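Labels for the chains are A, B, C and D, by order of writing; each one numbers its residues from 1.
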Amino acid sequence: MTDAVSSPGSVVAATDVDAHMIHLLREMMRIRRFEERCVELYSRTAIRGFLHLAIGEEACAVGVMEALTPDDAVVATYREHGHALARGLSMRATMAELEGKVEGCSRGRGGSMHLFDASTRFYGGNAIVAGGLPLAVGLALADHLQGRRRVTACFFGDGAVAEGEFHESMNLASLWHLPVLFCCENNLYAMGTALKFTESETDLSLKASSYRIPSWEVDGMDVLAVEGAARQAAEAVRGGGGPHFLEMRTYRFRAHSMYDPDRYRDKGEVEGWKEHDPIPALAAQLSERGAIADGDLERMESEIDDEVQDAVTFADAGTFEPIEDLERFVTSEHSSGATP
Amino acid sequence: MTSDEARALMRSVLHSIAPEADLDQVAEGETLQEALDLDSIDFLEFVTGLAKATGLEMPERDYPELSTVEGCIAYLTSH
Amino acid sequence: MGDFTMPSLGADMESGKVTHWLVKPGDEVKRGDIVAVVQTEKSEIEVEIFEDGTVEELVVAEGSQVPVGAVLAHIATRGPAKAPGERRSVPPVAREPATGHEVRAASRHVQGATSHGPLVESPIVRHLAERLGVSLESLSGSGLGGVVTRADVERAANTSAARAGQLGSRRPASSPFARRLAGELGVDLAQVTGTGPGGSVIERDVRRAGLTAASEVRGTPEATSHDRQRAMQRAVGALMARSKREVPHYYLRETIDLSTSAAWLEQANLERPVEDRLVMAALLFSATARAVKRVPEVNGFYVDGSFVPSASVHLGIAISQRSGGLIAPAIHDADQLGLTELMRQMKELVIRAREGILRSSEMSDPTITVTNLGDRGVESVLGVIYPPQVALVGFGRESEQPWAANGVVDVRRCVVATLSGDHRVSDGIRGARFLREIDRLLQEPEKL
Amino acid sequence: MSTITYREAVRQGIRDALVRDERVFVMGEDIGHYGGCYAVTLGMLEEFGAQRIRDTPLSESAFVGAGIGAALGGMRPIVEIMTVNFSLLALDQIMNNAATLLYMSGGQFNVPLVIRMATGAGRQVAAQHSHSLEGWYAHIPGLRILAPATVEDARGMLWPALNDPDPVLIFEHAMLYNVEGELSDDPVPVDISTAAIRRAGSDVTIIAYGGTVRTALAAAEQLASEGISAEVIDLRCLRPLDTPTIFASVARTHRALVVDEGWRSGGLSAEVSARITEEAFYDLDAPVARVCGAEVPMPYAKHLEDEAIPQVQDVIAAVRQMVA
């Protein structure tokens, strides 16, 4: 069922370009519907802990992932449902993780903030702001030392730019010429504090430039623009061009987390950004191109609803890890395979 | 006294001396003392018990006859 | 038809107050519409609805505080029914859960009612009261709800101390190992003088007490016989280990001709009713007890670096227990008893020892111990002295041996007697004298 | 057998690993061109090249994190942090990533990383270069914490640490680098799980590790001349603790003294003491005692520094009091 849903074949495509655009639309809508469902599940207490939504920011995750190959690695943040789904984690495993079930992609050990998946080289789910950057530098260092032409894409928000780890990592990646694609999702707020209150220089790409890292600014509400920039940057990285930096200007439509009264943003500002919602924007483009007809969108919606419902049913039917396993994986169970 | 009665009597006397001792565990020809871990005082108590129950005198020279289950039964049924 | 419920907006949110309704009955609502404002501990939050429909009824008035999951409004829904199992019904939460304070007060009340004592807040207070010798019954608490507090206890203690001029006597401090050891050796800690830091009782104090109390091993009255048996067994083990470490043993052995005794015994038993018959062990024990009179160095205790001879002969006899282990209760004044009485006491002792119901008097005071392997044993036994005793006599199995005397070899009934002696008290010469004396007495059984 | 310094033993261990496994590389501050702050890596840049002997910027968080990433990416990094106080700049990476990734990922991502660092006082380098914070790290589930006290362990612990699928932190006491010891010419494999009894005794168990093992042994030697027989345990592995060895010893001696250069409050000595109290209580004939570092930031002046760290006489005095 999941396969049928994710196949673009259900919508008639005029050209390869149209088909690709439809694919991007579908991916963004999958993330949107998934997260909307998460709000409901949270309100019903099926999901607990922190729940950070990226509604409004879907174009960043979807656009960048298009530029990566299966061999590449992804390091994400605690607002990473979109990155996980766009990277190819199954919606079932992701939803089960949010519900704390052992069928989840991290066996229910991580929850919303710590999605992991070895099969897609998805290295989390890092909930320390900027804490994932050194990790990404190291993954790239391993590729560099082993002569592999792979890219490590590292996502972080504008808040990370204020952290020392950001600067240390920029410096080290540039100094050692490592294949990292730094993807900054600038949604203008570090939790509840606007960038202008925390940064002396709010043009973030300048910071990367100061470390001699090629950097771009891109409209993070335009998935095609993100994809284009990301492809260009990723190819440069893969080709031995050292680290690259993408600043994606984006916006989250919802509060920082479920318990955030959102007092720090003007309602007008939020509404203004909603006019740039990447999903209707792309749908309109497709419609203009004649790539989708009446009813196609509804059909896609319905297929996605089915996929989300399937994921929820799967997660609800999932099991909780036995209490006896509480201490499993504090350390490795097998020392084999780790022999230097 | 029949041999069943003799065996029952032995069992009863034994129980008061060594509650955990099981007469059925004693192999043919094995001495009671060896099989049931009885010391000389235990054995004397055993003989005393049998003597009291039967009214027999059971002099010391007869002790060897009483040392096995079969011997004991034979002794009790024949006296 | 659906219910709009108080959402959970954080793991720590238990309830929320509806401050504003943004919809009224009859309003059409769409999934995602903001329908109410809810105040939580942290802030006011706009809450949304998850289905499309028409507001039928607002169940909760503005200003109401309700638990998470409580129905706030009924919504008449359109469209297909949701998949079964999707909606998780939230059971209504009790409107008025007891506060923590009320719960605690209630349980205190129960506690007070059952114990008929004062309300006591904590075990610490109880412990303190016990330590300071303050009766809790006599106190009225100054704490919340009349609870007795630490301060109350201390005040009471000071008052009574002032009255009495001193604090109540305290149990001396003792180390955990000392306590464990005391249990194993059957030593009463209250009777032990501590020499550790601050006068605390430590290992060496218990060991010393264990010795001077003449291996006074007792089971506690409330312990089961099995427990006592085990405790005795452990105690003996500890004593044996101590003995092997500290007592310089010497060993002697002598083969004794029992022909005379055996013949006498056979004859004697012929005349005795079965319940009065003797066994050879009675003769051996009697001979041993009487031989002590000639060689007093083997009878008594070695305590605090010197030997204290005993005027009486309390003959410890080693008895194996069916559950394993060995104990050696005493037959008091064994040298004064005739064979019949000795035999009677032996039988009784064996039975009680086997049942683990020895009296403490039987366990105390052996001045010398004898172990007899009996007819199922082996040729000889070299035993370990029971400290603080200074000698142990062992008899092996009776057996027929070639015996050379006066240039003639014949067969005699024999037993090997051994002596394990404490070299700090006696020596081979005195020990040999002792064994020879036993031999001599066994050649005159009629005098035993 | 030959006599070598602790420094040389550490160096041999690293060289050996670099030769044996091409996935092994070393990175840290001043380890290449400078030759290592403690000269441990002297000459390695020339021998193994700049790819495998990597000088890093003064960015503890970035290069420790990079070590974690490289380990995830299939390498076997040896990360050197100059001194334990500096490791605090990388604490986020050690605690939030190295120690947690395996668990958070439900067993998917293990981190075969080794971090070495110098620890301890004694060189008059005052309050930002002298502390013994290994006890803090021993607090963290997911890490293995080693403290080599002998030349044999200094050389031998690295290889099994690299073989461990999970992060291992090795704490080398700075005062040990110049200490000489006897070492067999052929490396003998050592384990990284158990404590070692460095001296057998019957009256008291002295539990030490790293830099304090020498102190404890010297104290035991003097105590022997007074007729007090002290057993000395070298913990070797601070997490997980080898409690069976400790308990077995306490069951023999009935007295335990913990010697720890770290602070007393909430420290490793507190943990060892608590374990003994919890699980060997009825073997104790005296309260567990501790000789710890003074609860001060390390002072500069020599006499004050000496006073602040456990000395042989402190250990002797503590033992005398226990067996009094």
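The criterion applied here is as follows: a residue touches a chain if its C-beta (ideal position, glycine included) is under 8 Å from a C-beta of that chain, and two chains touch if they have at least 3 such contacts.
Please read all numbers here as calculations on a predicted model, not as lab measurements.
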Chain at the geometric heart of the assembly (C-alpha centres)
D
Whole-Å distance, C-alpha centre of chain A to that of chain D, is 40
Roughly how far is chain A from chain C, going centre to centre by Cα mean, in whole Å?
62
Provide the C-alpha centroid distance between chain A and chain B, rounded to the nearest whole angstrom.
89
Run through the chains and report each pair that touches.
A-C, A-D, B-C, C-D
Where on chain D is chain A touching in the complex?
17, 20-21, 23-25, 51, 54, 56-57, 59, 61-77, 92-93, 96-97, 101-110, 112, 141-142, 144, 159, 162-166
Touching residues (chain side chain C, partner chain B) in the complex:
266, 269-270, 274-275, 277, 279-281, 320, 322, 346-347, 350-351, 354, 374-376
Within their complex, chain A touches chain D through residues 73, 104-110, 114, 116-118, 123-126, 128, 131, 133-143, 145-146, 152, 164-165, 168-169, 171-172, 175-176, 328-335, 337-340
Mind listing the chain A positions that touch chain C in their complex?
36, 39-40, 42-46, 48-49, 258-259, 261, 263, 309, 312-313, 316
Chain C contact footprint on chain D (complex, rising order)
254, 281-287, 321, 324
